[in-house]
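Next, two complexes with chain A in common: one pairs it with chain B, the other with chain C.
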Partner chain A sequence: MKNVYRYEFKTNLKTVLIWLICLMLISWVLIVFYQSAMLDIQEFNKFLSGYSEDILKAFQFDFSSLFSFENYFSGIILYINLCLAIQASILAFSIFTKELKLKLSDYLYSKPLTRTSILSQKFMAGFSLLFLEFILLSAFNLAVANYLIPGIEIVKFSFVLLSMFFVIIVFYSFSFFLSCAIRKWRTPSVRGIEIVMVFFVFKIVNNIGSSNDFTDYIKYISFFDYSDPRALTLNDFYSYENLCFIIAIFVISLILGFMVFRKKNLQSS
Partner chain B sequence: MNLLRKELKNGFKEFFWWFIGYGVLVFLMCFKTSAIVGVNGNQQMIALLSSFPKAFRNLFGLGIVDFSKVEGVYTILFMYMALVAAFYSSIMSFNAVSKEESMNTIEFLYVKPVSRNRIFLTKIISGFFYIILFSILSYFVVLYSTDYIFDYWMEDFALYLSIGLFFIMGIFYSLCLFISVLIKNNKTATTLGFASVIITFIILIMALTTEDTDLYKWIPKFLSPFWLFDARGLLLEGISIVRISQVSSFIIFSTSISFILHRNRDFLG
Partner chain C sequence: MNNIIEIKDLTKFYGKTKGIENLSLEIKEGEIFGYIGPNGAGKSTTIRLMLSLIFPDSGSVKIFGLDAFKNSDIISQEIGYLPSEVFYYENMKVKDFFKYNASFYQRDCKRRTKELCEILELDQNRKIRSLSYGNRKKVGIIQGLMHQPRILILDEPTGGLDPLMQKRFFDLIKEENQKGTTVLFSSHILSEVRRICDRVGLVKNGQLIQVSTIQDIFAQSYKKIEIETKDSKYISLKEIEGVTKFSIEGSKVHFLYKGQLDVLLSKLNEIKISDLLISEPELEEIFLQYYEK
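So, the complex of A and B:
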């Protein structure tokens, strides 16, 4: 049906599958580690029952779920999210700047297709690859966790896994916008890493220590924070504020990317 | 000499921005942890924290190091500082080889009346120059940020940290140099290099999580430079001469192998 779509899908499928297998291995190992620590956690829960409830309330934690599997995974998923973000931005840069780099722009854009349709087909190809990866990865995680860990809350765990999807769409659309907006990309994959690292650094800063008035604003800088599943320990779902940020980044960078690209002077040869 | 000057000039901009980012990271992290340090807290809280399940306790460094001291906080911060530095050094080593190829300037450079070995040597010298500069400046950043924020002067530990940082960066620099010379496709080489950084970082996390369980001996800890120069080891044992000599022999070995491979490499025109 759509040739550009099919072509991009096929060329990037292999890389995505390799990433997927690596991420599956990583998340499998992470789940196994929780399983190995489960005995300790049961002992700790026994130990806690010695404390009276008033003292426990003073700490302002919910100790019954502090070491639950969902909490553990929502902390450790940050590293899976880091990998996914790097992958999404490398994929976006390689899809949208490939023609410019290989000097094939005049070949592709002289075909009887509008620029918008070429770009949207490319966008959809990358997006569906990433979506496929998300679905497979979370199905794998759910299956493994369900098999290895007794008594997990499936609904809550799938909400935790949903943060991977948010990370994917945010970084994919943001890198899409950047690769459309900036005229010349010399080493796209390296730039992708650098962008992700900037956000990751702010995420780390936000994770560490206690917050005060000044550092409270840092959480608005990092894209990783909008999809932080640790918010789920307090609420039932991600906060609406953060969801709005995610959707806004997605929509704005999509619109701006298309607008800029339609007027862009593509360098040929 | 011309070549060296040019290489140093090219690398400076990247170095500058990465180092600014690194300094901001250190300062912000110190700033955020300043509320924890020096507060003895109530004894009940400490008793409860030290009875956390072992896996979690090791991951956060509770019990092993004293969190009310600045050194204790740095054992956690150093993990992330080293991660950023590792990404920087791997990007630098890809720039040494792959950038010329992807910018199509490699033919221009290699037809000059300078031998291949000499060009490669110059690139490596400029890379190591920036690595050394990075770790020396990092020493001063750690020293003065602790002095400014915590009002605390720690010369010895800051020196250990910067020596550890130098070796971590050196390992990743030589490893990624080897990868980018060995593998023909630049994109695959870049992805593989970054994957090596992330995977070794995850090995560190796993090693910290499972320190007291049976799984610990199955983890390939010695593959991870982050683990070899973990800040906790640096704090408790100091710098071990044996480890330094092992790591430096690895660095020299992999750099010399990449020399030989580079001499016989068929560049993509």
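So, the complex of A and C:
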């Protein structure tokens, strides 16, 4: 029986589509912005073209890569990722605390399904929606960028876009765990934004702080940095250490969430 | 008859607050069992434990001979539950909600759902959000009955229903019971309990203080006596063992009596009385007798 899955998928589809349209608009604006800026960069490149290639190499004036679309987008995607993190977090809180908020626990959890089954179906419904959104948003970005920006590296840009998926799974699974573990979460939107902002502050602190014990510690709890696509400017792919952290957060959150919820007392109000 | 529900030494504390303590109870297959007690006595806690919505500190619950905490998904196939407060998915239409509810059970519920909607006069095309409290209660009753469960758990079921609907509801419950459904009827409206229950359990401060048939409860209880007399010897009645709450109102004497009726009648025979009324107390009065102790 996949009735809970179908219900949750259908109920949240409209909200996810609204988020998707907004994110598509933001992406489109960011790509068009680069397209306009490219005209100025081309003027600057024309100026540099008067110099010999050896001199440019000697002084590391390789602006073609510095101003590449992939590098530009790997920085600016942070704001799309921030939106996706908030959305994933709100969706998780909304799906997993709905029964408590609407006083429906007595109804749903007295039905002939195990708690694990109900929770799995709910989890998969939210995850499917977010995955679908990621696919559609990535396809949209690839199509628009390919159309507006000449000569983009499709593979590298796809890797940049992959960071959206990493952010989604980290914040969705972590918020899933919190909503299972903590008894009273009444307002999913506020809680979702709060959680994401806390981690965004960690990222800012990590970015601006000079290396010391505190910032060394912060970098491990800065969820946004695990999926920072700026790493792609130096490497071919995301660092394996960060990918391991992402997988660890996902798996641990899932296991702990299920364990806690199976033994949780469901209050009627 | 076999025990269909067996609760043994069940204890549940909410922090330091007692929900129920060492509660043991057996409910027989096919009976309508009234579970009565004042607010906060532990009725809903017992029901929520039976449904594995909460977990006990100690003790066990067996339903159909299965551990209720390990097999809740199997047991719930055969349980219909109407909670005291009815909350459902507000944005759903009633018919969509019933479809969703039916999808949890491995049987076709369409025909029974239609019948129940007709009996309770419920419009399936309305959104749940737009329903009155009484109509929501009807939604709750139908979702609990549509899959023809073997056990029906009703927690304060009649709130919000008008007298006509209450009558139809009780008829439905009796009809289900005649088909073999066991009913656990939790309430503090004692006239309802008396109307349909075979046996009752009285719960007080989280503990079961008595389980007996309705007839036994009345038999063990006091009688209300009212006599009309001008004979001054009536004062000797006060001395009979088992007489309480003795009062005089003009020529009328009222008191409560608990004991052998022939003892009382022989004393009354010594007095000239113009009228005599012996009546049973209301269940509410018996109830208060237990809870005032």
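By our rule, the second predicted complex is superposed on the first by the 238 of 269 C-alpha atoms of A that agree within 3 Å, B and C clash if a C-alpha of one lies under 4 Å from a C-alpha of the other, contacts with A are read in each partner's own complex, and residues count from 1 in each chain.
To be clear about the criterion, a contact is a pair of C-beta atoms (placed from the backbone, for glycine too) under 8 Å apart; a residue touches a chain by one contact, two chains touch by 3 or more.
Note that the structure is a prediction, hence the values are computed from the model and not measured.
Student: So, does A:K263 touch the first partner chain B, the second partner chain C, both, or neither?
Tutor: After superposition on chain A, A:K263 lies in contact with chain C alone.
Student: If we overlay the two complexes on their shared chain A, which of chain B and chain C does A:I135 touch? Say first, second, both or neither.
Tutor: Touch partners of A:I135: none, neither chain B nor chain C.
Student: Chain B or chain C: which reaches more residues on chain A?
Tutor: B
Student: With the two complexes superposed on chain A, say which partner A:Y109 touches: chain B (first), chain C (second), both, or neither.
Tutor: After superposing on A, A:Y109 lies in contact with chain C but is clear of chain B.
Student: What is the contact status of A:F44 with respect to chain B (first) and chain C (second): first, second, both, or neither?
Tutor: First partner only.
Student: Looking at the overlay, what does A:N3 touch: chain B (first), chain C (second), both, or neither?
Tutor: After superposition on chain A, A:N3 lies in contact with chain C alone.
Student: One more residue to check, A:V251. First (chain B), second (chain C), both or neither?
Tutor: Neither: A:V251 stays clear of chain B and chain C.
Student: Is A:A143 touching anything from chain B or chain C once the two structures are fitted on A? First, second, both or neither.
Tutor: neither
Student: Taking the stated contact definition, name every residue in chain A that is touched by chain B in one complex and by chain C in the other, in rising order.
Tutor: Residues common to the chain A contacts of chain C and of chain B do not exist here, since the sets are disjoint.
Student: Tell me, which parts of chain B touch chain A in their complex?
Tutor: Answer in residue numbers: 21, 24-25, 28-29, 31-36, 44-45, 48, 51-56, 76-77, 80, 84, 87, 91, 94-95, 98-99, 102-103, 187, 190-191, 194-195, 198-199, 201-202, 205-206, 209-210, 213-215.
Student: In the complex, go through chain A and note every residue touching chain B.
Tutor: The touching residues are 15, 22, 26, 29, 32-34, 36-37, 40-41, 43-44, 47, 51, 55, 59, 67, 76, 79, 82-83, 86, 90, 94, 101, 186-187, 189-190, 193-194, 197-198, 201, 204-205, 208-212, 214-215, 218.
Student: Considering the complex alone, what residue numbers of chain A touch chain C?
Tutor: So the residues of chain A touching chain C come out as 1, 3, 7, 11, 102-107, 109-114, 117, 263, 265-269.
Student: Could you pull out which chain C residues touch chain A in their complex?
Tutor: 44, 48, 51-55, 72-77, 79, 81, 83, 85, 87-91, 100-101, 103-105, 143
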